[in-house]
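Following this line, the structures themselves.
Two complexes are shown next, each including subunit A; its partner changes from subunit B in the first to subunit C in the second.
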Partner chain A sequence: MSLDYVKFSNGFEKFMPKEYRDMVEHGPFGKKVTVSQMGSFKEVLEEHPMCAGCAMTLFIRLAMIAFPNPEDTITVGTAGCGRLAISQAAIPFVYGNYGDQNGVASGLSRGLRLRFGDKPKDVVVMAGDGGTADIGLQQVLHSWFRKERFTTIMLDNEVYGNTGGQESGMTNRGAVLKMAPLGKKFEKMNMVELAKVAGCAYVATVVPNNPRRVESVIKKAVLVAREIGPSYIQAYTSCNIEYAIPTDKVMEDAKAVENDRYQFQEYITDEAKQYLTERYGYKEFLAKSAAPAASIPGKG
Partner chain B sequence: MYLVADINVEICAAKNCKLCTQYCPEANTILYSDELGKDKGFKYGSAYVAVDRCKGCAQCVWVCDNMAKNHAIKMVMIDQLPQAALTENITYGEKSTTAVLTSPVVG
Partner chain C sequence: MSETEVKTNPQGDPIVGVATPKTEVRKDPHAEAKKQRVVTPEYMFFEAPRTREFITGSEAAKEAIRRSNVDLAIAYPITPQSETMQLVGVLYGEGYVKEYYRGEEEVGVMAAIAGGSRAGVRCFTATAGPGTLRGLEGIASWPGHRLPAVALFTCRVVNAPLAIQPDNVEMAYLINCGMIVLHAENQQDVFDFIMAGFVIGEKNDVTLPVGVCCDGFFVTHARGYVRMQDRGIKLPPRDPWRGAVPVLDAENPPARLSRDAPVQKSNFMAYNIHAVWQQEVWAAVERSRKYITRYLGGLLTAENVEDADAVIIASGSAVAQSREAVRLCKEKGFNVGLIKIRSIRPFPTKELRELCAKAKLIVVPEFNYIGWLAREVATAIYGYSRARIIGGPRVYGGQSMPVELIVDEVESGLTGKKSSNVALSQIMGGMVNPEEVAHFMRSI
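Here is the complex of A and B:
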């Protein structure tokens, strides 16, 4: 929970594994690293058992690079494939029971504010579509209604991947899966609209075939959640196992899905725009936000 | 035996666009070295693969072929690589890394 927690105690450096020493000396802690520097610094994510070629793995890798202060971040996850990697990083990880993650994160984020006051400690939930939109929906929505200030990221592979292919609320209508052999009968849930209605201050959809955009939306979401309100990112992170996507075609699939149902969307309240602009020097909202922000003072 | 990605230094160094690592699902796997290719007159270094971390998905091959249009990466059986980078032989620097290449298969 601070840069100091990763550092060596005097005299212990030589006993630490190489990966650990590399991470302390050449990792992202206390510096600003970007996606364009990838391959030249030591990443905090270590080896893990997620499948070869999994787009969710790539997204998690990018997310950890995008965290504005990785040394002051705690991730919260739950049952599902993503936790297999999220838990293997030099970022503290809290495992909520399946569906509990947004309840756990609410308490955690409140506790951290009591303990650390104004010093930012970022809480980021990353959970599957089943964990977020089905089993955890009640806690997800209530954390938003209650304006809990942390980021929720849905790793949307449109299936229960970890348990072998059941349909989720985020599966497309008609999709045939191993354990949905007749095809799904209902539409994909519109979690983006739910997030807006429930009071999120920042909402975005992304696909991992645009690494810089992933970086940009995660940074904004985490910064907005520090002070303004809840933020939600919905990422398409295909399951190449359950959807039988050849691993070298995962990016082609991501592009096709982006064009079909995952076009980039970004929603941000005027209050959040003003905050990102004034506090963090964002320029992208200046021209567009000037008129409406002035006409509805204080509106968020 | 199994396949891992192998980057041809001369083809990569001619372009060195740094795209493939942004799409490799595995962290700390495709790295860059400013030194690679210098002996052959290339200035900007090359990408290389820490083969002990590569899961053989070939996503990087797709990226180099279709996005970079440079065709520098091929999948090779790990025991067919005479020399390769392994995590234990990689040193991180300020803005680049260096690797001592060794035989990737023990024995």
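Here is the complex of A and C:
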């Protein structure tokens, strides 16, 4: 977990671009930064080619701030809007074929464990709803069944945004989109329940208008995936282009969607609770009452 | 007193519904693997004493993996080649392979091989026919991502209707991916090519995947003599930092590393980056020639070509059939040479131009319908040889190749006393006449 690789070689500092110097001097590597400190440090993701008002970009920035060890994290993505931003971050990023992200991450995380043993190398998959629930579903589910130890984050904008607004499995029933001219004819896929059934140790849904919560669930998901098992975060990250959400109404939309179908849910296994409590000092899982073992209903 | 019945699988392990904890204290199953000693590739390939065993092609692949210091092997069943990957599973149980699992299907397996190779570990998988084509999107992306790994393709019918028989048409797809493609004739080749494949593919100026192909069933299920080094030695481990591109382990500067270049912008620079990248992949294929020559003794071997009346050019199982055909031809009084092509990518173009400069008749027998090798040969020697090229005989769909078919083509080509079984459109070169040229152009 040497930070040397982000530092300057002697004598080269003055030749490095300002962006890079800022990253070394004011970046998050080797420090503990939080979303409440945003603006006071250099984020790993700043410049990006995403549309104005893109909630997905805000979510990706928040998620990257939440990574417990950004200097030892590798992200894996796939075709979709998200990868246009993720690939701009100061974190190694793998971009393979469409829908293969959980397969790639399986080999990657196993390979890194072979080479680095217990030294944490966090693998985090960030892919869209099409990449995760449609074309990549088989590899996503099987990586969970196999208990692959990495985090899967779905950037759910409920549409194929990057290809121009086609229906996805995560689109709501009835929505009229390209390839659904009469409205989508089946329900939004319940990936949260699939994740639980398939054996994820930590599952949460989240919207980007609550940065502290985004930070909290991402951190837990990545830590749980280090040793306990797969973790899954499903984030509503609206497409303000395809759903024509006015730029200044994006957060209002997120709030409305949160109330409608994206209420906060968090599921964590007893083993993961114990691990977070004992290893990382989490206090929220300490027994206060005889709460149900596996499911904690959402609250602010 | 009833006898207890113990069911065992082909590896001799007891078959039980639920794995039972072992009660007796047994010796460390990894003990032998832990004692393995690393040797240089040069010692392994050229100096290490070898002993001969009569084993199947799948067992030859297993024994190659045992000595190749493989980190990660990912398996998926397919008939008839699943034996290879389950035998590699036995090696995992014995500690010779560090990590192993049964993947969900070939798309997932090829993706995970790509992930493992990016992590910097030595990876191996094997598949065949429909599995190859199912995984082809992933396989075709390995060279562009510069991912060293070895994949064994034990070729099988891919066309409908479904069949499980040998047919190497899938190689026609693999040779255009930008990976190194070797074609093994027999069990010995499978053993040697796999081991050399790891060393060649991981060379800094290569950094490419290597596909080792053989004709499934004929080679994988049949036995042959294989000369092997002692199982107590193995190749050096992969040194991931020697690759032409950095591995994705968050240990390499710069911190920001999107190795898979964002070239999807629609502008000249994006097109140019992609074009240059493709050129570099194929340049790396070219640079592998010297290593194939060093570790395998050349991209091809030639026997008795100099003064031959006719030359048979073949790869894979067709070489074995051709060797017998050469013997039968000799009995009939024809002096026939044999060129065995080991490396299809890179292709031994220069060697063939020299070897075929004086040839009058070339016969290219193949185990597929489309005749990809005949096209390769004709393209390579076009303008360098006046030989008439018979693109056949061809068998496919699982047919075996009677050597008489090859002998007939030699005899027909040399004497005209036999009639050819090869379609006119597959006869190329020689005395040029417009009709034949038209057929040639239609067939390429």
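One rule holds in what follows: the second predicted complex is superposed on the first by the 282 of 300 C-alpha atoms of A that agree within 3 Å, B and C clash if a C-alpha of one lies under 4 Å from a C-alpha of the other, contacts with A are read in each partner's own complex, and residues count from 1 in each chain.
Methods note: contacts are C-beta pairs under 8 Å (C-beta built on N, C-alpha and C of every residue); 3 or more make two chains touch, one makes a residue touch a chain.
Owing to the predicted nature of the structure, the values given are computational and were not obtained by experimental measurement.
With the C-alpha superposition on subunit A as described, subunit C and subunit B fit side by side in the combined arrangement.
Of the two partner chains, neither subunit B nor subunit C is touched by A:278.
The superposition places the C-alpha centres of subunit B and subunit C at an angle of 130 degrees about the C-alpha centre of subunit A, rounded in steps of 10.
Look at A:100: by the touch rule set out above, it reaches subunit C but stays clear of subunit B. When the two complexes are overlaid on their common chain A, residue A:29 makes contact with subunit C while staying clear of subunit B. When both complexes are overlaid on chain A, the residue A:118 reaches neither subunit B nor subunit C. Of the two partner chains placed by superposition, only subunit B is touched by A:18; subunit C is not. Once both structures are overlaid on their shared chain A, subunit B and subunit C have a minimum Cα-Cα separation of 15 Å. Against subunit C, the residues of subunit A that register as touching in their complex are 2, 5-6, 20, 23, 29, 71-74, 76, 84, 87-97, 99-112, 114-116, 121, 138-139, 142, 146.
Subunit B meets subunit A in the complex at residues 18, 21-28, 30-32, 47, 53, 55-59, 61-63, 87-88, 92-93, 95-97. Across the complex, subunit A is touched by residues 71-72, 74, 98-99, 101, 103-105, 107-121, 123, 137-138, 141, 145, 240, 248-260, 262 of subunit C. Interface residues of subunit A, counted against subunit B in their complex, comprise 18-19, 22, 25-26, 35-47, 50-55, 57-58, 61-62, 64, 209, 211, 247-252.
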